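In what comes next, chain A is part of two complexes: it sits with chain B in the first one and with chain C in the second one.
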Partner chain A sequence: MSSKQYEFKSPILPYLLVLPQMVIVFIFFFWPAAQAILQSFYLQDPFGGRMIFVGFQNYAKLFADPDYWQSFSVSAAFAVCITVSAMSIALFLAVQANKKIRMETFYKTMLIWPYAVSTLVSGVIWLFMFNPNVGVIAYVLKHRFGVDWQYLLHFDQAFILLTLAASWKQLAYNFVFFLAGLQSVPETLVEAAAIDGAGSATRFWKIIFPMLSPTTFYLLVMNLVYGFFETFPIVHAITQGAPGKSTGILVYKVWRDGVINLDLGGSAAQSVILMVLVIVLTVFQFRFLERRVTY
Partner chain B sequence: MKKAILVLAALLAVSAAYAQVTVEFWHAMTGKNGEMVQAICDKFNASQKDFKVVPVYKGSYSDTMNAGIAAFRAGQPPAIIQVYEVGTATMMAAKNAIKPVYQLMAEHGKNWNPKIYIPTITSYYSTSDGRMLSMPFNSSTAVMYYNKDAFRKAGLDPEKPPVTWPEFFQVAEKLKASGMEGGFSTNWISWIQLENFSAWHNLPFGTKSNGFDGLDTQLVYNNPIVIRHLQNIYDLSKKGVFIYGGRENKANPLFTSGRVGMHFESIGGYGNMKANCKFEFGVARLPYYPDVPGAPQNTIIGGASLWVFNGKSAAEYNAVAEFFSFISQPEIQAYWHQNTGYLPITQAAYELTKAQGFYKDNPGPEIAIKQLLNKAPTPNSMGIRFGNFNIIREIEDQVWEDILAGKISVKDGVNKMVTEGNKTLREFEKLYK
Partner chain C sequence: MKELSKSRRLFPHIILWLGILIIVFPIYFIFVASTHTSAEILAAPMPLNPGPHLFENYRRALLEGTKNMGVPVITMMKNSLIMALGISIGKIIVSLLAAFAIVFFRFPLRGFCFWSIFITLMLPVEVRIMPTYKVISDLGMLNSYAGLILPMIVSATAVFLFRQFFMSIPREIAEASQIDGATPMEFFRDILVPMTRTPIAAMFVIQFIYGWNQYLWPLLITTKPEFYTLLIGINRMMSGADVQIEWQIAMATTLLAMLPPVVVVILMQKQFVAGMTETEK
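This part shows the complex of A and B:
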């Protein structure tokens, strides 16, 4: 066994070394997670005066609620749309920026820039452009192009706007990783293929794209997680779940029910479901998708 | 650094010598209103030496309430917390957490007279037999704002705003015909077009005196008059006469930018209107349907009140009682009313403001007060007291959007609001029974 593993002389030292990290993980992850699981079985007064054990009733109520299923499917559709659009556009831009062009650095900088904008601010920027009451672009859409632009009432418009805002924010992140990935594709391989007569499309799909697969896989995971769990500020800024409750994605609903409506048990049950969802998603991705990735 | 420590030590010595009692007051007021909270506390602190009230801004209404809940659970609540009207039933039901104001004032207040307050305001925060649970602080009511310039342009008399709904809808159509993008818009579909609409027409919003007499209250506003009203608005939305501008107070820009000629909003937004409207605007009472007996009754308030947390020392309660007496004085109330646009909570403060001639240049707030005092409140117009009130309003907002988008008919929509709302009322009842 010629492994590079280091043998600790003292049996306690390694545990001591990981202890600080474990303490943090315990306090900020396991403890709240355990609390959430516990609370999800209770109906409770916000001031903590009364706790009534209700078993799985909080869960049963969610699963019997067609609105919850609707929130589920909207969240999934939202995450998939963001992932597809943010990744494909970022890949296209990265390929273009990787070519030898004039003002290459300028383009790269501009494309990376949005990453520095916080998610909430990006939501507000899009709100100010597209809000039917105050938005500049909303005004142009309505008065120049005669579009009945009213995303406060039309679900399709609201969904497209949210997807655009969320993808725009994520684009920069994807761009950085794709660009780095492209730069590590050996020139020689591409040149050899060119000499063998492969056209630029063939070179991209047969050589470059497969070589990018670790990056693509990583981004796929990150984008889905982003789409599912980190788009809360965008929904909060732009639609707040409207029209009706059609854009009330899962993370938004958890916050709304818990923080605004003070339904702690129901909100806790939703977060437990989300927790299970993240675990399943991650396990699934690493088990099934990673096998097809060539490192 | 040394200097700083010396100063700090000196300050500590001084405060120890006075043995001044300091209490915290958590609030959610921003901008001008936040400055006024600070100003009132400063006035109080300067008026005597025994007590000090420290205002602390805690974010939005819901943030403030959550901060209070978390602090209570951690055993460190402030003495005073500002809670919005929808949180009233939750605070009331948390009997272990709060000290009712009538009890506080009886034990710690000097010569406190609950009769000085305007009943339509205090009733919102009192038990059904009239005992005050929290101190009204910033109260407002819903009124109609209209664009006088647009009225002139449409050939209408700017000094004669429509009084009844049928007149109102005609005027709205004329405003649109005169070239405006739409005739009218409204904020707060729940608070203005359902709750205030019902009180103004003396119609029950819920059973048990709108929830004042028990947790087993039921929503009952799915009556033909409410349905007719929403149907009228819906029909005009199809013609582009009514423009939807979003939930809460999000529709304001439609009016301030001159895209619609009439708008419904809280009188608390008067200052904002004055700052943002580049045209002459007027304030009028809410319209009513003349065929409804008893209409117009009186409107109800919105806004927030001050709650006192339980488990504080007698000295701290003395401070709170002193502060509450202080802010109830006519001069302080008049100062608050004239600077924020919120309503005065005592009759004396209203009289004082009138005597000071404030309403000559600012007729809007007086119209709101008169509307509130129009008639002695009935069980339908004292206020609304529901548990999970936030969820009920959210359901109303959501269904209203579905109605406007044509997903559900007005009648089915209103019935759905009531059925769904009743479900959450039953949950609240189950928790507190």
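This part shows the complex of A and C:
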């Protein structure tokens, strides 16, 4: 924003204009965030509401807890699997949809609308197909292929099912961005390479894919954020953390510890760690974008 | 690229149809289930063709709900609608005002305001649920529409989209309106907002879907059935042993819950795609 730009002058008006947004940000973001930080240093008796200062004990307990690390690693594995599968399939589809073919618009609409499907609905849909008692696919797996399909008992089955449901939901989002990215690659560049004799695979990997890198990077961050933090509804609908606590991802654990087990201090410490994680990802994202802009 | 063989021309079609199949197939199962009786679904495998109970099931879902949860879809749909509209419209109004101030005014705390809003950009509610829950309960907003809506208005995406758009508007327009004697608010109302129609439409689609699809937050703060949103209703219908679940009603509800946001996306696809790819980059 250069200083030469024309600007309105008024002593009070701009404050009145930002006031609603600032009030909301402070009451529903900064205040809770501050409370979370504060609470993470206390031990609260859930019935009397008495607070005892315990310093970093909540954090120390968390880091010493194998359950927490287990939850952390399953969340990371989950996020990575979702990101890889949802991004690669979406990119492949977007490349096909970007070719000048008949019914282009139909294909695009059909692949974009699932953006509107909620994460919970996606969980319910996949639960219904794979429910060991009523699911059609579960039936085929059990009776045609002889699989012992009980995802509430087998971790690998639960993990695969959750990944399928979560990636399915994320396809449309990635598709929209990859398609927009592909459309902004100059055609002349690709044609020039074709004239120089580059095959379609070479054209893709040497020209198109590098030019997509801002989109890919953006999606990488967004998919990781989605996989880590926004898949609660799927876990809640399908496995509820089972078998045992093995699929209890971080957000699920925050919820369970806070709401079900009423360990407010521990839950607050977990929230603080999650917030720090997201902020690091945001800063990382913007550092990269800034560099891209200056180049 | 001139002489593509027939198989190479067909290839993208085959792949895209496969993609569509992956997306539509699971939803077909849901639809089929919503046209049968519970007994037929429980006698696995359920039939793969639609059955004769479509109207009966949807009528029951819409007007009565399941036996274990007496809230009909109509009520929950009203709640989801209030929440989605409240979030999308509220966010658009609040963000337009804030972006207007940040772009068109110079004031001492501008940088501070900008950064306090910016920091909330990517922070999903999921990571701050417990503390936000406490604030809402301290404010006495559990089981209320205000409690469902206000904390969801926090994130800064809309402020950023509008800010970017405002920055692309030539300042001469603002200056000219001043010379003509218009106040800043008249400029905002008569010139700026009408110019911003397309980004506003895009933001509406994105926020409507975001609001409609909220799950964890309503799960936490609605304990009274009359405040359940559709997604919470689905969760309640699906809790309990497999044999007790009225699958046909739950699946009908699931389809009904998908419908409004899908219609919004299909009708406003162009604005939505443009808006989405612009906000984020």
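Definition applied: the second predicted complex is superposed on the first by the 255 of 295 C-alpha atoms of A that agree within 3 Å, B and C clash if a C-alpha of one lies under 4 Å from a C-alpha of the other, contacts with A are read in each partner's own complex, and residues count from 1 in each chain.
Basically, a residue touches a chain if its C-beta (ideal position, glycine included) is under 8 Å from a C-beta of that chain, and two chains touch if they have at least 3 such contacts.
Every value quoted in this text rests on a predicted model; they were computed, and no experiment measured them.
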Exercise. On chain A, do chain B and chain C fit together or clash when superposed?
Worked result: clash
Exercise. Given the touch rule stated above, what does A:G244 touch, chain B (first), chain C (second), both, or neither?
Worked result: first
Problem set entry | More chain A residues in contact [chain B versus chain C] | C
For this session: Figure out whether A:S88 sits in contact with chain B (first) or chain C (second), or with both, or with neither.
Result: neither
For this session: Report for A:N133: first if it touches chain B alone, second if chain C alone, otherwise both or neither.
Result: both
For this session: Based on the superposed arrangement, let me know which partner A:R50 touches: chain B (first), chain C (second), both, or neither?
Result: first
Exercise. Of the partners chain B and chain C, which touch A:V259 in the superposed model: first, second, both, neither?
Worked result: both
Exercise. Counting only touches as set out at the top, which of chain B and chain C does A:L153 meet: first, second, both, neither?
Worked result: first
Exercise. Is A:V278 contacted by the first partner chain B, the second partner chain C, both or neither?
Worked result: second
Exercise. Is A:T202 touching the first partner chain B, the second partner chain C, both, or neither of them?
Worked result: neither
Exercise. In the combined picture, which part of chain C sits where chain B already is, 77-85, 239-247 or 257-265?
Worked result: 239-247
Seminar exercise, completed: chain A contact set shared between chain B and chain C covers 133-134, 259
Problem set entry | In the complex with chain C, residue positions of chain A that touch it | 1, 5-10, 13-15, 17-18, 20-22, 24-33, 35-36, 39, 89, 92-93, 96-97, 99, 101, 103, 107, 109-121, 124-129, 131, 133-136, 138-140, 168, 171-172, 176-177, 180, 191, 194, 214-215, 218, 222, 225, 229-230, 232-233, 236-237, 251, 254-255, 258-259, 264, 267-268, 271, 274-275, 277-279, 281-282, 285, 289
Seminar exercise, completed: Within their complex, chain C touches chain A through residues 1, 9, 11-13, 15-16, 19-20, 22-24, 26-27, 29-30, 33, 41-42, 44-46, 48, 93-95, 97-98, 100-107, 109-110, 113, 116-117, 119-124, 126-135, 150-151, 153-154, 159, 167, 171-172, 174-175, 178, 184-185, 187, 209, 212-213, 215-216, 219-220, 231, 234-235, 238, 242-243, 247, 250-251, 254, 257-258, 261-262, 264-266, 269, 273, 276-277, 280-281
Exercise. In their complex, what parts of chain A are in touch with chain B?
Worked result: 43-50, 52, 132-134, 150, 152-155, 240-245, 256, 259-263
Problem set entry | In the complex, chain B residues that touch chain A | 62, 66, 69, 72-73, 90, 93-97, 244-247, 250-251, 253-254, 257, 388, 390-391, 394, 397-399, 401-402, 404-405, 407, 427, 430-432
